[in-house]
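We call the chains A, B, C and D, going by the order they appear; numbering starts again at 1 in every chain.
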Amino acid sequence: MSPLDLLVATPLGFMLAALAFGGQGRWLILVASPLMMSLAVWLVFLPPDAAHVVGGWDLPLGILLRGDGVARVFVLGAALCAALVGLQALYEFSPQSGGPSARNRGFWPLFYLMWAGANAGFLTTDLFNLYVALEMVSLAGVGLSALGSLQAALRYFLFALMGSLAYLLGVALLFANYGTVDITLLARTAEADAATLMALAVMTGGLLVKSALFPLHGWLPPAHAAAPAPASALLSAIVVKLGFVILMRLWFEAFATLAAPIAVGLLGALGAAAVIYGSIQAMRQRQLKALVAYSTVAQVGYLFVAFPLVAAAPSAAWSGMTLHAVAHMLAKAAMFLAAGLMLKAAPGRDIADLVGLARVMPVTVTAFALAAISLMGLPPSGGFAAKFMLLDAALDQGAYIYAAVLLGGGLMAAVYLFRPIAVAFSGAHGRAVALKAPLAAVAPLALAMCAIALGFFGVAFAELAAIGAPWAQGDAIGGVP
Amino acid sequence: MSAAFDILLCLMILATAGIALFVRGAFAAIAFFIAFGNLLGLAWLALGAVNVALAEIAVGAGVTGVALILACSRLFELGDNLADVRTPLASRLGSAALCLGFTVMLAGVVLTIPPGDRLSKVVAPLLPGLGIENPVTGVLLAFRGYDTLLETFVLLGALVAAWSLTPDASRRLPPTTMVMTDPTSRIVAEAFTRLLAPAALIIAAYLVWVGSDLPGGAFQAGAVLAGALVVATLGGVVVLPRLDSLAARIALMVGPLTFLAIGLAGAALGGRFLAYPDGLEKTLIVTIEYALAISIAAGLALLAIGPPQPMPNNARADAR
Amino acid sequence: MLVEGGHVFAVTGAVLAGLGFYSFLVKRHPIRQLLAANVVGAGVFLMLGGLGRSPGGADPFAQALVITGIVIAVALSALGAAMVVRLAACGDKDEAPLGEKREGP
Amino acid sequence: MTSESLLLPAAVAWPMLLALASLTPGFRSCLRAALPLAPLPALAAAFLAPREVLVNAPELLLGGGGLMLTDAGAVFLGAAAGLWFCAAIYAVRYMRDDAHPVSFALFWNLVLAGNLGVFMAADLASFYVFFALLSLMAYPLVIHDRKPASLRAGTVYIVLAVIGETALLVGFMLAAHVADGAIMIEEVRAALTASPTQPATLWFLIVGFGIKAGLMPLHVWLPVAHPAAPTPASAVLSGAIVKAGIFGLLMFLPLGATFEMVGSVLAFLGFAGLFAAALLGLAQTNAKTVLAYSTVSQMGLIVGVIGVAQAAGTPAASVLAAVALYALHHGLAKGALFLGVGLAQHTTGAWRWLVVMVLAAVALSVAGLPLTAGAMVKEVIKEPAGALGASLIGVSSLTSGLILARYLFVLPASATQTRPPLMLLAPTVALAVAALCAPWMVLTWSAATIDYEPSDLLSQVVDAWPLGFALILAGIVVLLRLKCPTLPEGDLLFLMRQGLLGANATLRRVGRFAQAMATPVAREQRTKQRGAAWLNYLDSLERAAQGQAAIGGLLLLVAAALGAALLYG
């Protein structure tokens, strides 16, 4: 028994159990959350070289599961998010919540499916296995966003379908070319021939759709804005990150030798454009959830701004990039949950409707504000520590444009995130009505506190994320085709 | 000779695909899509991949085709005539240029890769250990059993997602209210079903059984069963159970559950997750395949039929 | 040389993928787009099969990947079709739209 | 590591613990009562903790840093802790009927932790984190009463605070870069001193700290935010928190090296602020606003001195000690004066006269009355200020005297209560006494670094002519019942707003004129469209990104671009 298997098998078991128990299946989360958390912690404390092939079938036939640093931090982050979002959903999707019962029941199996898929994706090194994991997560994501708006879910579905097909096309080319789809084997044999380059290009295109990088982000704002709060939280926290992790594995491990600086620079430029574009759109939104959704578009941009920095000098930027991803995971999940609660209490969905909310639900607004601090990259928070590391790397390399984007993005985030907070604190006579569920604010607050606390453990995090990192094996990344 | 056949087949595939993609009428498009699927099946036969041919014809063309046809007829009933909005010429030209470039590049890249069988030399020596002879089954259920396990959950998840779209009011209904209304065709379907159903059951059982040694297996068997179920439902012979009924739940879950349990048992007995204990490989694989076939049949049938539809107002009045 | 291997089928697969992409771009109805996506998928699979062909038969590994892919494709297509139908039936209205006031437990 | 050195982490950890505790429901009843406990470990640390000993926890933050108490830091720490302690006692009574006790206690303790931490941080990361904690968590204190005016003040505050944080972050990153990745403050300062090619770094640092210290023209938040907060919070904002900015400048500016440009600009801005702020403050009617302007003025003095020292390359040691002493006196005195505003609200009759006497004594000290602590610290700080600076400081007694007279004049009155509550009176008087005595005590302790030779009484009295002049002026104003002109709070801010409104109106007028000249309807529509054109463009961009064509087309385009880049890169 190893957490590498159990982290996938356990949520799948819970999915079956949730289906079997029907209406009462929602209580399973009370068992699943602590169980999955302990599995994730177990994974973190495995010996550094933890890896094995499923069923004992060796490569290139079998599938290698590997608990490297990236897998560890992302699995842990996803476990924190999913466990707390699940607890919140226990309230959100209860029969008393008044939603249709099909919706209330449909949530749980899809939730566990997404969890299993995300873990499977973080842990595997097999590109085809990643395709299946990607489909699990996308399917669950579409199903969850359909609980809010069908129109948005259908658009997301078509985007995801095209993204998957592009990725699959790349996998097919790679298999035909190399006879293997394992990242560790490809890293050894990859050559810069036409098939490989085309495979990398189309796979990256497909995965950029999944990770919602500008200009391929079109599915994200409507789907996030309409979905129920726990679903939006999962979409922003987990779905988007899986695409990103696969891209990390492709560009910095499997094809590290092919990653030409200009191509990595293109990704960085798209990231910078995403930061600016997402921030501007977020500033223009009138609805709270739309604002938070565009903030995800901007924050995803940071992850790709880090790409050229990692390619040039991995050790510092690597921890900044992973830390940013995990901090965003936690903070954005907290923010969506808090926003969901705030909108339930507010008379409408606009930011202007939040007047006086801080009086009615101080804890929820505090959770929102704490999450905002991390997203703005203000200290002491995970977002800050990540920005600090990235900025350090950018200045080190003389990449002043990226440094300016990092800082400017933080300032713009402060502008658009401050708006709802200021409105919530203003006005004594808002029309908000307190929710009769005092415990509902626990999950967003806990997530936001985790995002803040992450800032205090920057060094420990960096050490964890560097376990088995491709650049730690002595080879420099990129630059030399 | 065979080369000429290949080329002819490929041209036909391209032609049917072109018609399916660009013909004006939606039903015609789907009809050609099914034809396209069958031709693809032939292509797979020509490639020597009988397993895929079976899967393509049964699942790719059959089940997808049924699902799309049903969707189209429901859309027609709802007043959506699937009219095609013409995209502006500029946008079409741009798209054409983009896709042409993409096709040329892809074809060029494909020609740089020498065709060849890369892994059967690796697979073959491992098969005797499993006690089965069909290498594809070996890959699906042993070497890449993890993929297959996850994939069965994708199927289940798609079903759950589709059903959670159902409004509560129609949740109490069986999966479809669409039964052939024309009496003659209904009698034909009924009679056809009574003949077909037992045959399908036998074929399915056989396909699973031979699947370990000859082409066949759980997916193909499941698809055949699903086809029989769909026809029977449309003929009004069988009423599919509701998703929350016990029978449906057992049928859907038995496959994934068996697979997962055997996988975990392998890990618990000291081996690896999804490792089969020595000597029991074939028994376990066949067990999993039968369980999977049931679940796949139920899942594909329910997916193809689609979730229960909210009845239009006049239909509801008729029902009273 | 071109014909001996599976190149014919692989190139056919590539053309299918291109055709499917084009149809996806110019067709506006989601059912037609689903159809197009299925053709792209079939093209990718055919490419995989064609490039896995050898005189002795087809690569079992590639066959297994294709079978897995076909089943995933059918699951997604059926879900997509169900969504389109539901959207046409009920518009974009859920029974409990977001923002509707609900009392917590 | 001795047990005394554990006082340093305890000094910041304890308020944070109390902040956490204020969130637990069972603790609510004794929330306010626990406020005075928070700064006690810091007070003990200021006296007992060993100097120049690093206490670190390598796992936290970026590792390698920690906490360390320097001599100057100890003076700042002691002053801040004392002020926070008195203000907390005051708050126990003053905030008795407060509507949000939890939020007050929570953010009070967090800001306290940040404020104390700044004075002890030994590395860049912890300094930055404490500084940000201080800046950002003070926002809820500013808007505590949730009145529209406070919310506006809070917005100004948070905008400038975030800009300051960003500037500081860039400054720190660049500084660490100059220091080859070292993050200990001492090494960074040494590196900045050694490399005269890094003025950009200094400018970022100056903007970051200048905003906090109320350096003109970055001071606009201060006259609106300090009065908006509840009185005890105003006291610590003006007395202790502003000092964090000064302390930052002291820690990071490469004093001892000669940066003429940077130093001259700082000196000019500082001394200009010294006079301009005092004059602006004269036109205010709210006692707390008057005090806030006085703070800007006094901080201008300190920054001016630092600037002169920077320009002249005066060694750090003498500047540090003198500025620390001045800041100590100002912090305690300003705290007493702020608390006095709330006290005066509760007092009439003879008690009021007593209170006003005490406050007047403190005010005179701040203005530099001979023989008081204020005169002594001014004398000490003239040393590094150079000749011109010294005479400016001397003259500034005039404006300081006037603005504090204005303060005493606009002190609010109460109609109901005659006897002040002890819990309000005691901390105010204690602070006043501390302001008058503590600088002398510190002077005796730090005799090694400060050589203060009191000149004879006569020359002191003669030197104090500006103060006398100020008193005479104030007397004339009172006797003739002249009225000061009044100005809105937040001078520049107000001007900016007015300017924008004016510009807008003018533009509109110009536009209307142009429309009248041209054919009316079509032109009007076109200007409207053009005005919103880029917004429309953004909308259509987003529609395109969400549209059907984007689904496949953009994907292919991005993939093609990537492919080309990979091929030719």
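Heads up, the rule we're going with is that a residue touches a chain if its C-beta (ideal position, glycine included) is under 8 Å from a C-beta of that chain, and two chains touch if they have at least 3 such contacts.
For clarity, every value in this text was computed on a predicted model and none was experimentally measured.
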Steps in the shortest chain-to-chain touch route ending at chain C and beginning at chain A: 1
Reference chain C; chain at largest CA-centroid distance: D
Innermost chain, where centres are averages of C-alpha coordinates: A
Inter-centroid spacing, chain D versus chain A (mean Cα positions, whole Å): 39
Distance between chain centroids, defined by C-alpha means - chain B, chain D (Å): 69
Distance from the mean Cα position of chain B to that of chain A, given in whole angstrom: 31
Whole-Å gap between the CA centroids of chain C and chain D: 62
Per-residue multi-chain contacts in chain A, two or more chains: 61, 100, 103, 128, 132, 135, 139, 142-143, 146-147, 150, 158, 162, 169, 173, 175-176, 198
Multi-partner residues of chain D (at least 2 other chains): 548-549, 551-553, 556, 560, 563
Residue numbers of chain B (touch at least two other chains): 87, 91, 95, 98-99, 102, 105-106, 110, 113, 115, 118-119, 123, 139, 143-144, 147, 151, 154, 157-158, 161, 165-168
Arrangement of touching chains [line / ring / star / complete / other]: complete
Touching residues (chain side chain B, partner chain D) in the complex: 87, 91, 94-95, 98-99, 101-102, 105
Complex contact set, residues of chain C against chain B: 2-23, 25-29, 31-32, 34-36, 38-39, 42, 45-47, 49-54, 56-68, 70-79, 81-86, 88-90, 95
Chain D contact footprint on chain C (complex, rising order): 21, 24-25, 28, 33
Complex interface listing, chain C residues touching chain A: 10, 17, 24, 30, 33-34, 37, 40-41, 44-45, 47-48, 51-52, 61-62, 65, 68-69, 72, 75-76, 79-80, 83-84, 86-87, 90, 92, 94-96, 98-99, 101-105
Of chain A, residues touching chain C in the complex: 61, 91, 94, 96-100, 103, 128, 131-132, 135, 139, 142-143, 146-151, 153-154, 157-158, 161-162, 165, 168-169, 172-173, 175-176, 226, 228, 343-344, 348-349, 433, 435-437, 440
